[in-house]
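Next come two complexes built around subunit A: one with subunit B, the other with subunit C.
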Partner chain A sequence: MIRNAKRDLSVYAAFFAMIPKLFMAYQLWFWIGLVLSVISMAILVFFWRAVYADTASISGLALDKTLQYILLAFIFSPLAGNDLVWEFGSNLREGMMIHHLLRPINFQGMNYAQNLGRLVTELMLQIPVVIVAVVLFGLRFPTDIATWLGFIVSALLGLTVMFFFYWFLACLTFYTTEVWGLGVLIQGMSFFLSGTLVPIIMMPAWLQTIVLSVPFAQAVGVPVSLLTGIIPLSEAPRVWLTQILWIIGMWILSTLFFKVAVRKITVQGG
Partner chain B sequence: MTRYLNLYWLFLIQRLKVLMEYRASFILGAASTIVWQGSSIAAVWVVMQKVPDLNGWNYDEVLLIYGLITLSKSINHMFADNLWTLGRMYIRSGGFERFLVRPIDPLFHLLADRFCQDGVGNFLVGAALVVKSTIALGIDWTPPKLAMLVVGVLSGGFIFIALNLITCVSAFWIVDSVPVTRLVFDNHLFAQYPLTIYPRAINILLTWLIPYGFASFYPASYLLDRQIGNIAWFGPFVAAILLFIGYRLWQTGLKYYSGTGS
Partner chain C sequence: MSVIEVKDLTKVFRIPKKDPGLGGAIKGLFRPQFENKTAVDGISFNLDAGEIVGYIGVNGAGKSTTIKMLTGVLMPTSGNISVLGRDPHRQRVDNARDIGVVFGQRSQLWWDLALIESLNLIARIYDVHPVKYRLMLNQFTETLELDELLKIPVRNMSLGQKMRSELAAALIHEPKIVYLDEPTIGLDLLVKERIRDFIKKECISKGMTVMLTTHDLGDIEELCQRVIIIDDGRIIYDGPIDTIKKRFGKYREITFDTVENVNGLVLPEGAERLEAPDYKVQIRFDRTLSTASKIASTVMNQVEVSDFSLSEPDLGDIVKQIYNGALDREPR
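Then we have the complex of A and B:
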């Protein structure tokens, strides 16, 4: 009997021990995520310092300005992220798409709200990264309210451009049913094309043309250029207008494509 | 040994059959790694168009470093990617028990269980970069240099595998080992560029603690006739020591392992 009780105890103790493990796992992710960000930022900073070792300015940008741009672009890179492709993919796999479409709310509107919620959360989670960047890598924020206004409007417009663009791409999953690879592929392209790695102004003219004729840069490169003064504030209205035109174009394109593609829904196994 | 090689072959054939069922997924997986690497390389290209000298290294020399570590990484990515998923896919679900009742080494079983197709993309990128840069640099392929290329890439690959093994063993205690592995693994990003651009502390870290330097910077320096001394040939010893530590930890972990109850 004692042996039984002992066995029971060890079984229940194992269940007990699972919970702190789960809890610790989340805690662990938070701290490790922070260290990973520090590694990425350190590489960027040392790389750019080496680049500037023998030169004072590249394409009119001094080292300090480039570093401010690169660090801010890193911090605001979630602006170019979007889970829509995976969201569509999991909806299709689970057969949930039809339920969403039958609901008496706008499916696109629902996703936009969710996307905004995700972004706000992700940016809040970047706050420790910001602190590290300020302390270790000399990041400074502009104190001028007008600059912030220019940035925030442009960032909001930019993420909306990306939302409709990703909506368009997510419709591709109705045809391919392959989701994971497609999502990673898009992320990989956005890594460079959003202007997170190199200020767009440093690219050769032909490459700038390419980068500015796809939407990725609207979400990170353009707003962060406004924030760091690489694009002067007087240009802000022109930037906003361009972004509004992008939104209109992408909205039309994605809505039309969705209407056509939605007929293609085949629920796997159903 | 031959038995394990035969077994690996059988596992690989099965895996390829599965992959061929999802051909689009196979191609997209490999393509996505190529695009990711392409983004980083494009950034280096843009910068070095403007400034052709990165702390005494020209564009092709940087590409050689980048290519060597990508080749090493691809070995780990293709043949040992399952170390990442030990906790999530095998221990949490209880699937790991399956390995323990079979008459083969559980570690071998884990590694052979999934050949990762995404690694093929890394292999292609790494090979292309090394070929492109060595031709552009006009490297004279003397026998020691050829040996260094092979030794550098292979020991680099085993350093990647050993570090992932050492960290993934934590899954036996904390179930999800991915954060721990990630913490060490991401340091390889430093070694994509010449170590000379970093402060001394980071150099020491990547040479003696998390020695990814032996996958890129040291062999590349040797190939480019830079004076770095005998340290260039330390790679295989470093890899062997790390593998030994990893395997001992793995055995300790196995003894501790008791299942999650699922």
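Then we have the complex of A and C:
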């Protein structure tokens, strides 16, 4: 039992460690991504400065607070990103899915490990963006350890919510075998509904209801709100509990759906 | 002792049927129509431990579908499969530990990783003991000539290099059962030869049970004692390779392109000249009585030859002939 768990952990660690290597296979992407990130961040900052041109505060947030939130949300946006839909799509298309299912290992666990690997890699790659944000746009990180703790726990939980949620969506590709539309739709929705573009607190009440009834905000909006103090730290336990409930719900849904969907696998060839 | 037992195995695919054109596409959106296609139709067979069996049939006969069900990734529509006493679909993960699979048309290696990284990962997944792994890796590096390949990402490999790597990946954990689905597809003769040699040495010496699908009869002749021929989802022959070889493998045809028309060729015993167009000499010979080189040298001694080719008996032909009663056996 313990030996098995140890073996599984070592396998998951191997999958985790594989992702940075895959990233490095395409070095050009690193540079292109960096330039694009800095440009997007600059656009966001100038946009919000323009919005605040005539007013000192929106929904109780001053310009500086909003900018801190937007910059941090931008930096931590990989938390809401996920390649599962693309992964499933290309795996099904290229027939790799069969090989993954033929491994004596929990397929979901393997993907979770890879997802963590992706996150860590992407966050490392954000370091130059962080430097630009600090030097050019006045980003300041909180220094309070408790705040960071609240954020990290919430971020890990939120990441897990998103993993199971994307897992559920990815199962759709077993039926559609088409991923481009689905992938782009999810990316767009995630950008807006996760609270990367606009702090959730600024949204009108009806939109807030929508945002909080879909899981996207759990990964970026909620943790970064904790980090910037928009959600007070005393609220952290309640936030965590909500996120745990999200995880349980999404886990059940996605696991059931996968069990049914995997039967759909019909890889071409006689 | 049977390690694989298959009984009345059937797989029916439901395929969306679309009328041609935009109209048909729109109609399909609202009232999808489906067509049932029976890919595997009530087949039964047993495989004993250590057997190497050729599972052959023309394209679309149902070979890969059978293999996918045996490996557990595809759920049968009906019928029973038992692999080492397990239901491979229900106990997919346990089953996976004891099998090795090569699909000739797709790769199990990580495209962007160097081969050695893929192999390390696979060894870890299958819990191969590090000492054992090093031993196997050294052995494979030698027999499959992987030396120069280990550091190359799979995406930069040639087809033959890829296949050698695939075999290493599929066998590094010494599985009890190996499924090889078209392992030599698209490879040139030299590489084919090397791959067959490797399979023979590796699998026989370790007593692995091997199921090999192919439509290359050469693979089968080299490796298998027993063949199962499948056509249109049904087994039409299950028995020793010798019967097939005697009946169909006896004759070969060799064709020469000559610079002038030739009359009155003297041929060795067991060879006969067939009708052929101008500037071509086509000869059929009995392999038990003569050899290709004997025929070639005899002909070349008599006429000037610009080119020649040797043709193998075609699997499609054999299937047709079996239907016509060539084996004096009722098709099942």
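By our rule, the second predicted complex is superposed on the first by the 235 of 270 C-alpha atoms of A that agree within 3 Å, B and C clash if a C-alpha of one lies under 4 Å from a C-alpha of the other, contacts with A are read in each partner's own complex, and residues count from 1 in each chain.
The criterion applied here is as follows: a residue touches a chain if its C-beta (ideal position, glycine included) is under 8 Å from a C-beta of that chain, and two chains touch if they have at least 3 such contacts.
The structure displayed is predicted, hence computed values, not measured ones.
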| item | value |
| --- | --- |
| First, second, both or neither for A:T121, with subunit B first and subunit C second | neither |
| Touched partner set for A:R263, first subunit B, second subunit C, both or neither | second |
| Partner chain(s) touched by A:N106 [first = subunit B, second = subunit C, both, neither] | second |
| Subunit B versus subunit C as contact partner of A:T209, first or second or both or neither | neither |
| Touching partner for A:M18 - first (subunit B), second (subunit C), both, neither | both |
| Partner, of subunit C and subunit B, that touches more residues belonging to subunit A | B |
| Partner chain in contact with A:I58 - subunit B first, subunit C second, else both or neither | first |
| Partner chain(s) touched by A:I98 [first = subunit B, second = subunit C, both, neither] | second |
| Shared contact residues on subunit A - subunit B and subunit C | 11, 14-15, 18, 21, 25 |
| Parts of subunit A lying in touch with subunit B, wherever the complex brings them together | 11, 14-15, 18, 21, 24-25, 28-29, 32, 35-36, 39-40, 42-43, 46-47, 49-55, 58-59, 176, 178, 180-182, 184-185, 187-189, 191-193, 197-198, 202-204, 207 |
| In the complex, subunit C residues that touch subunit A | 13, 39, 59-65, 68, 71-75, 92-94, 96-97, 99, 101, 103, 105-108, 110, 112-113, 117, 120-121, 124-127, 153 |
| Residue ranges of subunit A in contact with subunit C within the complex | 7, 10-11, 14-15, 18, 21-22, 25-26, 94-96, 98-99, 101-106, 263, 265-267, 269-270 |
| Subunit B residues within the subunit A interface of the complex | 22, 24-25, 27-29, 31-32, 35-36, 38-40, 42-43, 46-47, 49-51, 53-55, 174-176, 179-180, 182-183, 186-187, 189-190, 192-193, 197-199, 202, 258, 260-261 |
